[in-house]
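Below are two complexes that have chain A in common, paired first with chain B and then with chain C.
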Partner chain A sequence: MDDYTIGVLSNIGVVSFVALSAYLLLLTGEISFGQQAFFAIGAYAAGIATALWGWPLAPALAWGAVSAGCAAVLVGLPTLRLHGLYFAIATLAFAEMVRILFELFRYQVEIDGEPVGPDGTEGFRNIRYIFDHNIDAVQFLLLIYALLAAALLGFVLLERSRTGVAFRMIGEDETLAGLQGISVARHKVLAAGIAGALAGVGGGLYAHLTTYVEPRIFDVMLGVHSLAYGLIGGLGTAFGPLLGVLIDIGLLESIRVLAGYRMIIFGGIVALLLIVRPRGLLDERTVHGIGDLWRRTRPRRRQPGPGP
Partner chain B sequence: MVDLVQNTIDGLMIGSSYGLLALGFTLIFGVMRRLNLSYGPSVMIGGYLGTVVYLQFGAGPLVVAAAVVVGAAVAGIYVERLCFAPMKAGAAIASMVSSFAIWMQLEQAAILVLPRHTYPFPPLATGAPLELGPFSIRIDHLVMLCSALGLAAAVQLVLYRTRFGLALRAIIGNPVAAHLVGIDVGAAMPLAFAGASAVGGVAGFLVLAVDQQVTPMFGMWVTLKGLIAMMIGGLGSVPGAVLGGLLLGVIEAQSQWYFGPQIRDLVAYFVLFAVLAIRPRGLVGGTFDASMPQKA
Partner chain C sequence: MRSARRAAAAFAMAAACAAGVAEAQVRAKADLHCEPAAEVLLYECTAALADSRTGEPLTSLAVAVGADMPSMAGAHSVRPVAATEGPAKGTYRFRLALEMHGDWALLINLSGATRDRVVKVLRFEDGRVGEATPTRR
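So, the complex of A and B:
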């Protein structure tokens, strides 16, 4: 693989974490314009841990995830009773506050004779962990995809668990879910926390991948893109948001011939796609259809319990 | 004290255009019950059309204003046809994401037509500012305030004194019931969309004429300012939109003066977050419920 391919693949992997984060909230029925804030918190926290405190990468990434998850829970509480547009705008306001706070945030330590650390709008340079430890681009790519695979496995297990079912029920009808005895508030805060932590892992990986972060990367555009990925790829499965990222970054950014017209083509395709498939390519119906097909083509096995 | 009053005056002037932006936004949201993220970019397309007319033909302010309004309305209809009209009832998130995709498209289209980062925009009115004791008021700010308040009053009149306004309010209240009593909902929606985008276009023209430049980022600016002002004031009412805009203008002017531009934006977003967390219906309190239907 050449460097360019590795770079594109790494980007796809990292952005997938934010897309999954927005997707998890969509499952519970909430639109968030603010998941980029937790991506940013994860990036800064993990970057500070390795570059300034000299931590190894694994605990630094975990620290990034925990910080982002805690921040998400803290925002989840006051926004608990907000829905629809109100929730979306509240998350937007929060994310913009986080971005501006990072523009004001300065925390530098002298390392090898030069200052290292976040420097306001100048950003946070020299997050050099993977160079200092001779981790090459392919190894880091593998790390990104290993963590992404773990996250996807988590989603697959979640969808089969009571908690996952509760999330989707709340997404369908919150009042009804509450009447069925599901603790709506607890599940929503839980979903917000997991979503924040997921974005935080992505942020930590991003900071170490690029070795440099600055506040303006984490603007509204990133948030709305992450939300759009789930809608494009489909809301039926956690592979949907990944497909969305793949279509946007993988397909369109890679085809250099389209430069200049990329957004005209992409925007048009997405708008038309959403008319035909308002819940994305891999929507619930398609996913269930594939599941049925899979079960039918497998060798027949006598199963206990009532038939169809 | 002089600074405080002067900032308030400046804030009210700028805030009147925010109020107008919020007004266009709240009309679209009221009729559609869906968020049109392409609202700002539509206004930006109008601004670009105005700049083209100005650069190519040296047109005066009134012609440029007409071009901006027409451009914004046409772009608004394009968005409505592509992102809102063909969507099934209930596919609110799909409409919103679709309008975001078209935002990207409109922005790229603007950059393809005029590739430089900024272009000049004709000034609204030149002349020495009015002096009132220790305070001064810019002429173009005054024109902005009067036009914005005048247009907001006109929209209120249309909504409450005409048959079309009655039809729109019926649709805002309950689209199904409106259809049942014989209102042509399908025809009213593009009209309302175009009208709301045109209101945004007027606001866009006023802001651009005061700034005397236009950039592709203007679309995002309009969407964000419109959203904040609309949510602070409360969805679904003309006075709410205007009040939210004026308040946002004053907050921004004060915090910019005392703390600089970064803190200004921080304060604006903090006020927005606090209003939503404490009083989600906004300060005035809108007339309708804004929880978008979730199911596709």
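So, the complex of A and C:
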């Protein structure tokens, strides 16, 4: 596998985290244009932990996830009463606030005679953990996909759990869910925290993958894309956003003749799908259909008959 | 008692692995110079690579350079191009074909005797290339 392919696959993996983060909030019926803020917080937090504090990678990624998750809960609490467009605008405003804060944030430590650390608009360079520890591109790719697989397993378990059902009920009709005895506020804050932590993991991985981050990377386009991946790929399953990422980065970016028109084609796909298939390619009906087909075609266990 | 000692040894090994004791790695630095070529959005660049600690030029490396726009990360990634060694010691030359003018982060990937990455952000305009000066938005 050449370096370019490894790079594309790594990007797909990392961006999938922020796509899953937006998807989780979509399940609860909320459209967030701000998940890139938690991606940024995770990136800076994990980068500072390894590059400045000398932490190992695993605790640094966990620190990034916790920082982003806590920030998401802090945003989730005051925005509980907001819905629809107002919630979307509030998350966008928060994300822009975070981006501008990182433009002002300076925290540098001298390492080997040169200053290392976030430097405002100049960004944060020399997040060198994978080079300092001889982690090659393939090993880091495997790490990204191992964590992504764990996240997907978490989603599979979540969707089968009472909490997952509660999320979808809240997404369908919040008032009705409340009347059924579901604590809407608690579940929404929980969803916000998990979504923030997921984006934070992705951000930490992104920072170590590229070794360089700056505030401009975490602007509104990343948030819009992360939302669009779920809308394209489908909201019936956690694999839906991954399909959206594959279509954008995997297909449009990698096919040379399409690469120059990628943004136009991507925008066109989003517009078309919102008209003909508002819940995306892998919507709930399709996922249930696939599940039914699987159950019908699976060989049945022979039931023990009545005794002689 | 023996199992406790084995467990302690295993824990110590795992802790050492987790701590990831860093070897003394070569850290590269790059001085980058790009000039517009005859065609629009095509640039001829030269990177002078050296050890950031000793200043020793880095030679005989496999150098590949990719580019991405910080303001639209992932939207305009340029496929990595292989650089060829220049006449001066530690210099590498490559040609960049960009999709649009603006600030680009060049990712200079080194492999071979030294494995490292240096990132340089430059502003590519029509007829000139200069330092990027990201401003607050």
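By our rule, the second predicted complex is superposed on the first by the 298 of 308 C-alpha atoms of A that agree within 3 Å, B and C clash if a C-alpha of one lies under 4 Å from a C-alpha of the other, contacts with A are read in each partner's own complex, and residues count from 1 in each chain.
Rule of thumb we're sticking to: contacts are C-beta pairs under 8 Å (C-beta built on N, C-alpha and C of every residue); 3 or more make two chains touch, one makes a residue touch a chain.
A quick note: this is a predicted structure, and the numbers were derived from the prediction, not measured.
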{"item": "Room on chain A for both chain B and chain C (clash or fit)", "value": "fit"}
{"item": "First, second, both or neither for A:119, with chain B first and chain C second", "value": "neither"}
{"item": "Which superposed partner A:29 touches (first chain B, second chain C, both, neither)", "value": "first"}
{"item": "Partner chain(s) touched by A:79 [first = chain B, second = chain C, both, neither]", "value": "first"}
{"item": "Partner chain(s) touched by A:228 [first = chain B, second = chain C, both, neither]", "value": "first"}
{"item": "Which superposed partner A:262 touches (first chain B, second chain C, both, neither)", "value": "both"}
{"item": "Partner chain(s) touched by A:3 [first = chain B, second = chain C, both, neither]", "value": "second"}
{"item": "First (chain B), second (chain C), both or neither touched by A:159", "value": "neither"}
{"item": "Chain B versus chain C - smallest C-alpha distance in the overlay, whole Å", "value": "5"}
{"item": "Common ground on chain A, meaning residues reached by chain C in one complex and by chain B in the other", "value": "100, 103-104, 221, 260, 262-263"}
{"item": "Chain B-touching residues of chain A, taken from the complex the two chains share", "value": "26, 29, 31, 78-79, 81-86, 88-90, 92-94, 96-97, 100-101, 103-104, 171-172, 220-221, 224, 227-228, 231-232, 260-264, 266-268, 270-272, 274-275, 278-279, 283"}
{"item": "Chain C contact footprint on chain A (complex, rising order)", "value": "3-4, 7, 11, 15, 56-58, 100, 103-104, 112-114, 121-123, 125, 128-129, 131-134, 136, 210-212, 214-217, 219, 221-222, 225, 249, 253, 260, 262-263"}
{"item": "Contact set on chain C toward chain A in their complex", "value": "18-20, 22-23, 25, 27, 52-53, 64, 66, 70-75, 77, 79-80, 99, 103, 105, 107, 109, 115-117, 119, 121, 134-137"}
{"item": "Complex contact set, residues of chain B against chain A", "value": "29, 35, 37, 82-83, 86-88, 91-98, 100-109, 112, 220, 224, 227-228, 231, 235, 262, 265-266, 269-270, 272-273, 276-277, 280, 290-292, 294-296"}
